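Please go over the structures that come below.
Here subunit A shows up in two complexes: once beside subunit B, once beside subunit C.
== the complex of A and B ==
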């Protein structure tokens, strides 16, 4: 099933990845970071997800190589390809926290004394994305039935997809928040967790490796710039 | 409404009104109500009558989460609700919401059930005990360790109840708990409610469907325009004449009083012929070798338990999914998957995912760019939506959204129309409206298939039933004269 890391380790990896994708400019460093993230997912047992993310990232890398840095038509300018690749890498780093038990997330935030202004939105977000996933399938089916999905009018199609998803998302977000509120999520007192919060050897090891890799990338980035 | 000593009063309302921020008028007005400890009350009334708001006042969300203006005095267990911090109310009042999909936080059953206890700092050793007891109380041992997302609505509802049960509040508030459930799951819900009542809990249920509550509830309170208007005991409710019930606009309390429609004149023109259809997800067969025919004017209830393939069949019939084997003939011709949407239109259960326009009028214009304002107005008037022409579809009520999806289907105008649970969460008047409208469409020669768990709606609307009894068999029977069979098919699991 793969190695289990503590939520704090996963948070550190997300924070380090975010700082790296924001700073790194060298393509080769970005591509090798992609490989590191795939290994990070694989050792935790996210085999299918690692392959999917890797494949999608490869498509975007190939598109960038193919376009020679000029982008592909007005629909996919270079900046779009550049951004998508980096966003995908952040999502890869965040993958292990999607679907985590909410009690563990809340208890860790309490333990590290994270301000509730940060902790509560993150807890909601973790639950929110899996919940709206199925909404997209319904939207696509409905668009096809109404014959509104057309490659000839991609911007219209994009608007049609986004509009219902945004409305549905806001409703789901409200219902989820109401449900959490009625179950004491904002209790300022102690929160417990049915899964024991243990920061084990593998967590220390992962944190050291993640920090070391990050430092190495910063150094290499500096050398590339020079 | 009931006089009793203070220490036995679980919920007390004195001249309570509540207005949501931005609303033009209060949603509930001048409510006086006392609910005794251990009492079971049902709030009913048409959509927008204020019953959900009343439940939100009890669980503290109205004031603290929706941030509206509350006037009057509300007390829980003898203490003014304003004296409780919002997070403390959850220990006294457990809430079970209408849509099971959007009330879960965890992926796995035990984590979800433990969530409330974890938030209240229940010690580690006690947590496991509470989870085990809550699971036992719902007879949910089979659900342990399972992912919640793929579960049926009934199973999700059970887990929602268990997760509240683990915190052990005195008061339980249910907001339309049966809206997304099949009849078998409604029976299971009823048994869980019975256990809660027997354990001495106070229960408040806001609900349209009343038939399953008559031998549980102590009082039925009818609301209209934000006010409590009538109060019945279960016996009084059951004794209402059909005429009186329909004029008040509530759903039946006694399924035996439902009458079928007189036999309709179905034309002999064959519109659908499904021949030996099979479908499997990867290697798991959903259905095999299914065959049936339908004719112009048929209004068919598609029934069967969750997961038997009703929605999958509908998706195949309109070309969203592809069958593994078999044929679909429309009007006598074999139709390829791509062209099926020219013949059959599918109105999905989730209406909000089917609107793409900025306004109700624009929604219709999307499928007929050249339509004149007059044509749009005529259609909206037909569906009782002309007043909302400039409103965004997302701001409409459940019944209005359902009518708008039907108005859209009118313009797409396929000979076959398939609907998935069109009456889920609808009050009697909206259900009646949908029923009448579908009948009028069949009179014009359309063939309509309705996936439904709603006995009342199926009995008063459809002429035939297709019951998915198992993977490779459909039982096809007329509803007229077969109400007992319809009931037993809907109750089967």
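== the complex of A and C ==
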């Protein structure tokens, strides 16, 4: 079990990573930022994810080094390698938010007075995100079993994939909505939360470290450019 | 009675769940599709949004018709604005947000979310906003785009394609055409499976 951070701390780390990803140009700074993000995941107990992301990043870094900044033929242009690395960095920064319990997400949105028209869909998106792969995997394995997947008939294949996925997802949406309704999500009164949303010492410490690292990277980036 | 009408016009928790889940599916499908096709820079720049307009259409049409109230077009584009802001840089947020507002405005009027023609219009707008976002990086946000550390060679290629009216028109026309085709196919699926089973009115 790792350190638990408040949602606002996680949000700050995402915002700072976003600003760094949008500004950093030096390869060495990008690679060291990847290491910082791995440490950020490890201290929160996301061991498996940290190792997985780090391994994928290493592969792409090696490909970039191997290609000398020119991409690997037309199959893997430099832009593709560049984009994947940056997207991976953002995914690493956002990973702790994906793993948050839905109840905590709802409580956070209530606390920051986010409009429910946006807050609720985001809550359900975060709740559903980790299960998408298994939803598609079930449909694909069922279609393979019946030998219904074929490149010869792409429109039929599209229908066979899309229809069950939509049916299943629609049913899940109804179940999640019923579950949320039964717990009083649309109750107009004051909502209480079992989880205490506290900005503790570790959050202050993490925020200070994150801001300090960001400032340091900005300074180093300026020095590299000069 | 008046109160009931007001209630039904508001987005319910079920609608929020439908939008949230279908946005998640569309994002996952788009990422998988982009990873598969991203290897070809030419395809990514010119035809990525066109292909996405076709394969994501069934989910968008179903989501819009299932919710049947104002909101899905805007919420979907706000989700994309957040994702684009995180992945490509904050300068992309207003672009997708503006697109979302235009897509939602195109759905003005009563019962428009049950009309496939109106849903198709909002989907074409959404697809065109996505198709033009790469162009907008060159046209409007070149400095911010360069600041993201993108290579000079990449900017040169993008500028070469996105400032040539021939390629710009080809990309936008293919996107609009495939988005419309996607909605036509989706409507057939809706009639064949979902309306027949009573899932959609």
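The rule we apply is simple: the second predicted complex is superposed on the first by the 163 of 226 C-alpha atoms of A that agree within 3 Å, B and C clash if a C-alpha of one lies under 4 Å from a C-alpha of the other, contacts with A are read in each partner's own complex, and residues count from 1 in each chain.
As a working rule, a residue touches a chain if its C-beta (ideal position, glycine included) is under 8 Å from a C-beta of that chain, and two chains touch if they have at least 3 such contacts.
Note that the coordinates shown come from a computational prediction; the quantities given were computed from them, not determined experimentally.
Q: Have a look at where A:83 lands relative to subunit B and subunit C in the superposition and call it first, second, both or neither.
A: In the superposition, A:83 contacts subunit C only.
Q: Applying the touch criterion given at the start, work out whether A:99 contacts subunit B, subunit C, both or neither, answering first, second, both or neither.
A: first
Q: Touch check for A:188: first (subunit B), second (subunit C), both, or neither?
A: first
Q: Just checking: does A:125 make contact with subunit B only, subunit C only, both, or neither of them? Give me first, second, both or neither.
A: Once the two structures are laid over each other on A, A:125 reaches subunit C alone.
Q: On the A-aligned overlay, A:107 touches which partner chain: subunit B = first, subunit C = second, or both, or neither?
A: It touches subunit B, and subunit C stays clear.
Q: Quick one: classify A:160 as touching subunit B (first), subunit C (second), both or neither.
A: first
Q: Classify the contacts of A:169 with the two partner chains as first (subunit B alone), second (subunit C alone), both, or neither.
A: Only subunit C; A:169 stays clear of subunit B.
Q: One more residue to check, A:180. First (subunit B), second (subunit C), both or neither?
A: Both partners.
Q: For A:144, is the partner it touches subunit B (first), subunit C (second), both, or none of the two (neither)?
A: first
Q: Under the contact rule defined above, give the subunit A residues that sit at the interface with subunit B and also at the interface with subunit C.
A: Looking at subunit A, the two contact sets intersect at 123, 127, 135, 159, 163, 167, 172, 176-178, 180-181, 185-186.
Q: Flag every residue of subunit A that touches subunit B in the complex, lowest number first.
A: 99, 101-103, 106-107, 123, 127, 130-131, 134-135, 138-139, 141-148, 159-160, 163-164, 167-168, 171-172, 175-196
Q: Under the stated contact criterion, what part of subunit B meets subunit A in this complex?
A: It comes out as residues 59-61, 64-65, 86-87, 89-91, 93-95, 97, 99, 101-108, 110-111, 114-124, 127-128, 131, 149, 163-164, 167, 315, 318-320, 341, 345-346, 348, 350, 352-356, 366-367, 394, 408, 412.
Q: Note which residues of subunit C are touching subunit A in the complex, please.
A: Residue positions touching the partner: 11-14, 16-25, 27-28, 35, 38-41, 44, 55, 58-59, 62, 66, 71, 75, 78-79, 85-87, 89-91, 144, 147-151, 153-154, 185, 189, 193-194, 199.
Q: Where on subunit A does subunit C make contact in their complex?
A: 14, 18-19, 21-26, 30, 69, 74-80, 82-84, 86-87, 90, 94, 116-118, 120-125, 127-129, 132-133, 135-136, 155, 158-159, 162-163, 165-167, 169-170, 172-174, 176-178, 180-181, 185-186
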